[in-house]
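Each of the next two complexes has subunit A plus one more chain, namely subunit B in the first and subunit C in the second.
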Partner chain A sequence: MDIMDEISSRRVRYNEVKAQGIIKFYEDLTTTSYPCVRLLNSTGAIGCQSLQPVTGILYPINTSDDIKQFIGQDLNGKFAIVMPYDLMKIQNLRDLESSHKLGGVIVIINGTSDFAPRPTAFSPDETCPNCQYGLYRDEENQYQWNPNGLGLIQERFDFPIFALYPFDDHTTSTYNRVMKGAAENMENSFKNYPLRAVELSSLMWSAIDASTCLRRDFCQPVGGQSVYSTSSVNISNDDNKPIIVVAAAMDSRSLFHMLTLGVDNGVSGTIALLAVADAISRSQVEINRLPKHILYTLFYGEAWGFAGSSRFVSDITQFNCQVKGSAKGCPFKNEKNGCGFPCKQNLDFTRINFTNIESIFEFSQVGMGTTGFYVHVDSNSTSNVELINKMNNISATINNGSAFVYAASANGTNLKLPPSSSMSFLEKNRSLTAVVLGDFQSNLKDEYDDGFNVSDDSMVDSICSIANVTAQTVWLQAQGPNYSNIPISVNLKKNDVERIGHYSSVFQYDMPGWLPTFAYNYLLSLNSSRAPCKASTDCQNDERCFMGKCTNTITRYHDAYGAGLQYNRNGNAMVTDPTKATWVESKWGSNNMRIFLVSSQFNQICELLFGCILTILSIIGVLYGKKQLNKTLKIA
Partner chain B sequence: MPPSPKTPPQEILSICKKYFIIGCFFLPWLWVVNVVYMWPLIKRQDIGAQIKKYLYLSIFGAILWLIILTTWLSIFVTNRIEWGQFADSISVAIPKGV
Partner chain C sequence: MTLLTFFGCGLTAYGPALSIFFLHVAKDAQLVLLMVSSAFFWLISILLSSIIWYIIKPIYPKNELTILYSVILQEIFRWLLFNIMMRAEPGLILVANNPKSLYNRSSFAFVCGMGFGLMSGVVTYFTLLVNSIGPAVLMCNSCTALTVYIVGAFTTCIFIFLHIMWMMISFEGFSKNNKFLISWVILSHFGASYATLLNNSSIFLGCVYGILINLLILGISIGIVIWSLIKIRRE
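And now, the complex of A and B:
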């Protein structure tokens, strides 16, 4: 489900419940909690599942000693463990599970008081994210870029996990309710009933693996829409003009999809790319008169096996339209520009000739480069080294003589590329010039993938400085050899870097998430100094009418879902290559969390027995009464 | 509740027979109904013996069905995942989450 839809529907439900003003036995906290859900690929499942709703008595755990104590304690029934985010480690969860007292887990992402402050360094991802899909997947002893990764994201949990993240009135009230319940239970030693319990239900429809799940129509491919854009409106497959690609990944991942923030990982690169595009668009020289094309690509679904970049590369290298016009299973009418099967709204990407790609500049995480940036390359080829030196020199020019962009291999070891979109390009042509820019030299920053970081000024400065160097280098590269005057620079406002949630969600035709929508609109509107218009028909060629002006760029969405998945002629996704990325998200009916007072087991049994006895007595009574009536009234 | 004693015996016998024959068309529940409905009549002097014959046949048929269905169900449930697509295609409703 799309994140924004989910959040807004949750809000509506919350308000409805509130408006009714019903005081109920169960209090629904669903709208203000965040479930861990199930994802699958061709080999199995990850994430959470609970086939039955689970009821657990709230039990607070603050330290790992508390976990040991809980396991050793003699308690009856099932418990819902309330614990801070930094205790979320695989071993802890497995220990709790094997105690047979675990119903579910409620994780506090950050507490409102001293309890459970947000962990400053916490990476639930793998030690080498996406490396099984990367360029070096067949190499032994791959370098582990994220050594502190906990591997939580790749784990399968067969019990429900919900997150609480108090950030506004509603979520804080839920948080307080749960914390208060847990504290009350503690006072009652978890034995003096009634106790506060929660019911957690998150029945995921999926089972087994991606192909089973897609066949049953219980899953959707993880992905969305990448965005690509160029000011070269006349770009064509056979113009022999070199192409400079500026790339970044938009999305990131987390155990709780709706709380995927990862400012440094996804957003910093996206913002840097948009800043570069903006700066270059304001160049005095007309961009489409440059001897080279500049192509901006923002890839989606990258956190899930490089879905966006690998699909983009495979489409620009080997797309073959089998059914022109409209076709079954394809929602586009495709009057002039699209393809019915494989379903594409437009075929403008075929105008990009892969063999013309000359170099790739990619932003990895660039939000924390206050001490400098590192340029990562696959090999120290002449062209790569040349590019590194160029960026080093330009950074020195900008920063009063002291350079702040270095080769990542400056310390003597070339660790090659960190997990990046460039790998999808190098997969097709290993000798391409590709530089990956990051604020890290050998280890991804701990905030990687799951930073709940709020942006600050240093992040803006960081993004701004690397965008500046890149913009100037790209511009220089695009000029050809003899050009020294660099008339552009990057300006960023702090407002551009806001806290954004960006799990990629699921792929649907023509349904871009809001982050791609933002990037699309931003890139589309660059250079729009043309004639005013009311509709796209007022504009020339394939230009579009945007905010009353004809755009002067080719900006398009591009499908992004795992390279191992394909849609068939009926419009159903299926696994075609299990060795590539095949991530799909399970569908579900509802993820519910509700809190209530539970009485002791003895009480419950007494109530049940009382009910049974009452039923039996009334049956006897009726039978006896009937008999008596028959006797007195003498009915045959 | 068996048929009223006022019903002519031949009619009762005919109903019992019809129930049995219709049950042959994959309707084992009808046999069960037949047995429950007619059982009090097997002691009748006139048609009891004939009713008994049909009821025993019905019981036998119903048990046979029970054995066939439970065997099939257990085979299907244990092999459903292994059979993959085939199992899904013969399922009326696919259970969620398993």
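And now, the complex of A and C:
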């Protein structure tokens, strides 16, 4: 589900319930807590699920010593551990689980300064994210790009984990509620009832693996809509004009999907790409008159096995429309340029000829490049080296003589490509020129895949500087020797990129997420300083009317879901190639969190005994009383 | 594990009354029918109360007012039930087990009271009892060591017996036109009902006072019933 819809619909529901005054025994905290969700692929499951709602007494843990103490402590019942994010390590969680006292876990991502302050560096991802789907998957001893990765994302937890992330009034009040409950329980030594407990339910319908789950219709493919755009409105499959691809991934991943906030990863590259597109669109020369095409691609679902890029590459290399017009399971009934099966809204992507692709510029993490950027390449081929040198020179020209873009292999070791979308292209043609630009040389920055690094001015500067170099290089590449400087004015507001949840969510036809919609509208409106219009019919050719102007770009969404998945003729997704990415997300039964008081089991047993004794005594009393009444009053 | 609470409180609230029902009333079809029809009378009275509550919005949070008119309505329906019983009594006595017994009217009053009591017990407490299946408890405001479930169970148990006694006393009072007995029923009904407000008050150990007052009223009522039964035999 889309995060914004999900949160707002939950809020509405919450307010309704509150208005009716039903909340008495329970306080619902669902809207202000973030669950860990179950995902599956062809081999198994990751993430969290509990088959039944779990009630746990709140128990605060602040250090690893507290964990040992909890495990050794003589306590009855199940507990919901409240702990800071930096204690979220697989070993800690498994230790807690094996104590048989664990009900669920509540993770405080950014607590107050005295409890659970936000960790400065934390990566729940693997040591080499997505490498099992990458270009070097068959090589032994692959380089581990994320050595500090904890591997949490790839773990399967059969108990619920919820995150608290106080950032506004609602979420802060929930945080305070939980922390106060935990502190009260501590005062009562976790033994003097009533104690404050929470019920965590992570009921997911999924079971076994992706293919089983899809067949039972309890899962949806992870993915969404990629966006591609070009100003070459006349691009065609057989025009033999070389294509320069500028690429970036839009999404990233985290243990808590709604809190996938990393700005450096994902968002920084997306913004750099939009900045490049904006700069080049201001070119004095008409872009579609250039000797080469420039194609911008923003891939979605990349964090889950390069879903967007591999789907895009496979579609532009081998797409065969089997049923033209409308077809069952395909929502696009009236598209003149669409395909019924395989279901596509339009076939404009077939105008891109893969063999014409000449070079690829990809933005990886580029938000923290204040000390310089590194160009990663698969091999030091002549064309790759030439491109690196070109970028190095241009960066020197921009920065008063001192270059800030270097070859990643400048220190003598070529670590080849970090996990990136370019791999999907190189998969088809290893000799393509492809450069991956990043702010890291050998290790992904610590925030990889889950950064909460809030954007600041230095990040904006970083993105602008690499966008500037790239725009000029692409420009130079596209027009041949006639190089002219183009001014870049990228005006980013830091608030724009703050707190954007950018987990890709699940694939649905014609339902692009927040970020793809933004990118689509941005790219579509470039070059739009043309004829005013009211509807698309006012514009020439394929142009569309967007915000009162005829747009002069081909900008389209492109389906993004795992390369190992296909939709069949009934419109149902199924696993077709288990060796490729097949990530699917479980449908949710319930994902709730509520807080309340619980009484001790001793208390409950006393209540039961009292009730039983009272009933037995009254049976005896009735039998005896009837006898007595008969004797004295002769009633019955 | 909170099924423990459910059964514990359920047995506390309804156990004594149900044991009387199964060991005494259920054996006699006539008594069961009487019980059900009196339960229906109580239900109408509470339906009218709830309609008033529903229509007059400012009453919502004012329990004192709600108690006032619902007790009055219950007493009115008790009087209506008595009048109908008087019309039916000759026929009822004719088919009774022991038509010559002096205590047929008392016996009818007893089961009518059970009908009132059990129905009020079900309506007022059962929704709360069902909640106890969930994991949460709510502590009683005035006695923080007890849950609202168990306090409610005590109150329900006592009220079922209060209804039995009230019905027997008021039948006696109505038939003999004894003003003292009738006013005792009405006043003690108000007293017992308002005493339950102590449960949710902020008075320290309020629920204990409330239950003690109810037990006291029950004790006096039982005394009155025994006194009148003995009086019937002497006549």
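Methods note: the second predicted complex is superposed on the first by the 583 of 636 C-alpha atoms of A that agree within 3 Å, B and C clash if a C-alpha of one lies under 4 Å from a C-alpha of the other, contacts with A are read in each partner's own complex, and residues count from 1 in each chain.
Note that contacts are C-beta pairs under 8 Å (C-beta built on N, C-alpha and C of every residue); 3 or more make two chains touch, one makes a residue touch a chain.
On a predicted model such as this, the values are computed, not experimentally measured, just so you know.
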{"item": "Which superposed partner A:Gly611 touches (first subunit B, second subunit C, both, neither)", "value": "second"}
{"item": "Contacts of A:Leu51 with subunit B and subunit C, given as first, second, both or neither", "value": "first"}
{"item": "Partner chain(s) touched by A:Ile619 [first = subunit B, second = subunit C, both, neither]", "value": "second"}
{"item": "Touching partner for A:Thr212 - first (subunit B), second (subunit C), both, neither", "value": "first"}
{"item": "Subunit B versus subunit C as contact partner of A:Thr230, first or second or both or neither", "value": "neither"}
{"item": "Winner by number of subunit A residues touched, once subunit B and subunit C are compared", "value": "C"}
{"item": "Which of subunit B and subunit C A:Gln365 touches, first, second, both or neither", "value": "neither"}
{"item": "Contacts of A:Gln345 with subunit B and subunit C, given as first, second, both or neither", "value": "neither"}
{"item": "Partner chain(s) touched by A:Phe596 [first = subunit B, second = subunit C, both, neither]", "value": "second"}
{"item": "Subunit A positions touched by subunit B in one structure and by subunit C in the second", "value": "none"}
{"item": "Subunit A - residues contacting subunit B, complex", "value": "49, 51, 203-208, 212, 215-216, 218, 589"}
{"item": "Residue ranges of subunit B in contact with subunit A within the complex", "value": "81, 84-85, 88, 94, 96-98"}
{"item": "Residue ranges of subunit A touching subunit C (in the complex, touch as defined)", "value": "24-26, 55, 194, 197, 199, 596-599, 601, 603-612, 614-615, 618-619, 621-623, 626, 633-636"}
{"item": "In the complex with subunit A, residue positions of subunit C that touch it", "value": "1-2, 4-5, 7-12, 15-16, 18-20, 23-24, 97-98, 101, 103, 106-107, 131, 134-139, 147, 149-150, 153, 157, 229, 233"}
